[in-house]
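Per-chain numbering from 1; labels A, B and C assigned in written order.
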């Protein structure tokens, strides 16, 4: 990769020579967490020159503060902690020619004219501003936590109300105690893990309160983080008032009805000096939106095709910025697909450019049929991808909106049933997937719908058979 | 002699099998596992038996770092240790300070509480 | 003991605007503020609208200062370098009864000196704001309405005042006010005592207490509390849309902000003094009211909800801006409820006249500088400027708040300015770090570290807002 001063057209329209260094690469990966590292390694293996851009001082992303075990069971076939899982990828990245920019934040992704490599990133860092020209981009910026305001908890606004991840950062990275007595709202995995962490560090955890009638985190975390420590999990409850002037003094807890509305008269006040919120994660797509990437309103991640390409050609998305995953291992698997696809796109683009003028159209545009739209239905809350371009088959990833003991996957296109699964339990905490084969897709027209249907009543026929 | 059944989730892999264990307990003695159901692999059965006799867990926490570019080093026990030793192990680790640089796998505290299990570094930390 | 010509009690938008206005004269001026930062009371809990002035009844004090304040905002914004957008507004009517009210408002506005008021029909409504409800049958178009960040205005005015020699004393709640031998005031605060020839009561919700201590008018305050909701950035900021007002309230208003967010403001309920809690019913009412004006509003995108109290003098329902009739030397700038933000520059002008009437010699300072050098905003700087800033100091390239693109250097500047930030919220009000959609989930720990470094204290001494609001406690691991 070469650094050079480039001629840049200023906003006022006049060409000015300026000393903003420029770099070129095949694939630029934005975000150095598990998704970014997985994508970068896969793109490099596919022969691309890769640039990996990380906002913080170190690679690893949120895994650096996820010091608990439970990572790597499917990817490395052994149980690792978050930092170990990250370190293994960091070590792999170091052994390659992947160029890493740390303390660097991409502030814009612009499309370049057709004759240029593809995309132009603008990056800020303590070393200065920088421009990167690249053939393709992989978005791997992860997600953020839902806040108190988004779930509209009334009351005062004292210190001591944290998202669970922020409290985790104070405790595990900053060596600063966020409080002494915690109430945790939301049984998401980070909340459960923080219940254990705080207990081990000598803080009292009064209880975990969950709006839904079921736990939202993985069963392993309910067992290892709550049951092991005797921490109660209260279902169908929420915080209806935050109390305290300077620092949090108490929260008011109410039970909720079937419509998840607080039931008047059930309020009780729980003294605490820290409220941790583990109430959901939201993909961080503001940069992507500014670049023109269309989002799927269900996931709030990009609407991608089966190659994980967004609606902006050459821009791919993977990991928690695409949809919130349950396990880092699944992030890695998805990121490897995105990295490989981004490498293929960049290589194709490069070939097209070398082919001379006239070949600079989208690389494989002529090979593509009209994509099939993919939709969720029934209990399926969302499906990724949103479109299928390659009819040779792919996997559909989804989550259910509520737990069912017996549910069935049904994949249809119009009136045609392409696939019907065996009855089995589904949980919202687990990311699920179902394959669609080329044979199935040959029968599809226009759209593909994945639905999860709850089966009620006695054992059904196919189980008896 | 009391016969009892315990059900809990398996935590050895993401499959989250719901295990059901039948065991006998005589007085204050160690329970005797008679039967495990719900597991889909041998690891599940081994986990279930251990869980009834004396649950073990990998303990993870942090220790203070001296001269590093991070304040805390995440550490873990190299293997699961009895769950009932967690509090004591945390106490033993509270006074540990390690000097940067540190490499993943470095032993931070050997043979914690005589369990034969080392506490090891979970990641690299360079000098500041 | 420090002696001043003028002591202003209250460092909200009114007190800071008065300080800025008077700083042009060769006077010794002090501002005393109870909280650890300026703009911490109702100023920060405000929708930021610069109302045009058609609303107050003609002949009231409000009517005199509102339209004039709105007019002054253009110049104040230029001189003080704060963001102000004069975008115009519409009061929407949904019925014939509403329309009659609009006509009444138009006539009233003209009497108050508001220019350009016009009744418009559905087509023109859509031209002005395509997202306005299609149910609206007519509207009062008011071209002079605008919006500001109210705390940015107060901070800008305070910085300009400080640069021109005004002393700011924060964390200095007034405990007693005594009469000095020469008829002046001796003001005893928690931090120090001082003397002043003239005392200006700009104490917001505390104005009754200050008046009482100073021997001024007796006032009884009502805490008319309002909840406000902020939504995330929109593709295009909304024009302020008002419902047709009722006799008691302007109703729920939807407006853009200078940073591109949407604000829904405000409910009005009399509650216990000092109550700044938000209420589920209020939030619901705000969202419902907003959807009536802008049906496509995405209310999932709530970034922040907060509440404040309007400083209402019971029975008056007007500002009290005058020389005290009970205590010579005391000037009341009291009962500044809505439209306090819009009126603040004109209140300052009015107080300047009252100070003159007190007989103080108002000799212009030769070195008075009306301009304030606004802090640098990295996010809106050009690429060339950004590159130059980072070359000057790498901290300009070190991102801290990713939602609002605030680098470390901006935070350091917010702390080092005078009067500078001393809390996480103070940093947020000055440079927007933590103001975005993640509500400081990613950057709070970094801001705490920067504050501790700059203020030379431990992280556990860094408050979220007031003293007594520690964010974290001591270290988890001490290695002993």
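Following the convention adopted for this analysis, a residue touches a chain if its C-beta (ideal position, glycine included) is under 8 Å from a C-beta of that chain, and two chains touch if they have at least 3 such contacts.
Here the structure is a predicted model, which is why all the values come from computation and not from measurement.
> If you average the CA coordinates per chain, which chain's centre is most distant from that of chain C?
It is B.
> Central chain, going by Cα centroids?
Checking distances from each chain centre to the full centroid gives A.
> Between chain A and chain C, what is the separation of their C-alpha centroids in Å?
Chain centres of chain A and chain C, defined by C-alpha means, are spaced 38 Å apart.
> How many angstrom lie between the centres of chain A and chain B, each centre taken as the mean Cα position?
Each chain's C-alpha centroid was found; their separation is 29 Å.
> Determine the centre-to-centre distance between chain B and chain C, using the mean Cα coordinates as centres, and give it in whole Å.
Here chain B and chain C have centroids separated by 55 Å.
> Residues of chain B that contact two or more other chains, please.
62, 64, 72
> What are the residue numbers in chain C that touch two or more other chains?
Those would be 476-477.
> Any chance you could list the residues of chain A touching two or more other chains?
173-175, 201 - these are the residues of chain A that touch more than one other chain.
> Under the stated contact criterion, what part of chain A meets chain C in this complex?
Against chain C, chain A makes touches at 8, 10-11, 16, 18-20, 55, 103, 105, 107, 122, 124-129, 144-145, 147-150, 152, 154-160, 163, 165-166, 169-171, 173-180, 201, 240-242, 245-247, 262, 286.
> Show which residues of chain C lie in contact with chain A when the two form their complex.
230, 276-280, 283, 300, 302-306, 378, 382-384, 386-387, 390-391, 394-395, 397-399, 402-403, 405, 407, 437-442, 444-445, 448-449, 459-460, 463-477
> Looking at the complex, which residues from chain A come into contact with chain B?
57-58, 60, 64, 67-69, 73-74, 79, 81-84, 86-87, 90, 172-175, 200-201, 218-220, 222-224, 227-228, 326-327, 329, 427, 430
> So in the complex, which bits of chain B are touching chain A?
8-9, 11, 13-14, 16, 55, 57-62, 64, 69-72, 74-76, 83, 86, 90, 104, 122-124
> Show me the residue ranges of chain C that touch chain B in the complex, using the header's touch definition.
Checking each residue of chain C against chain B gives 476-480.
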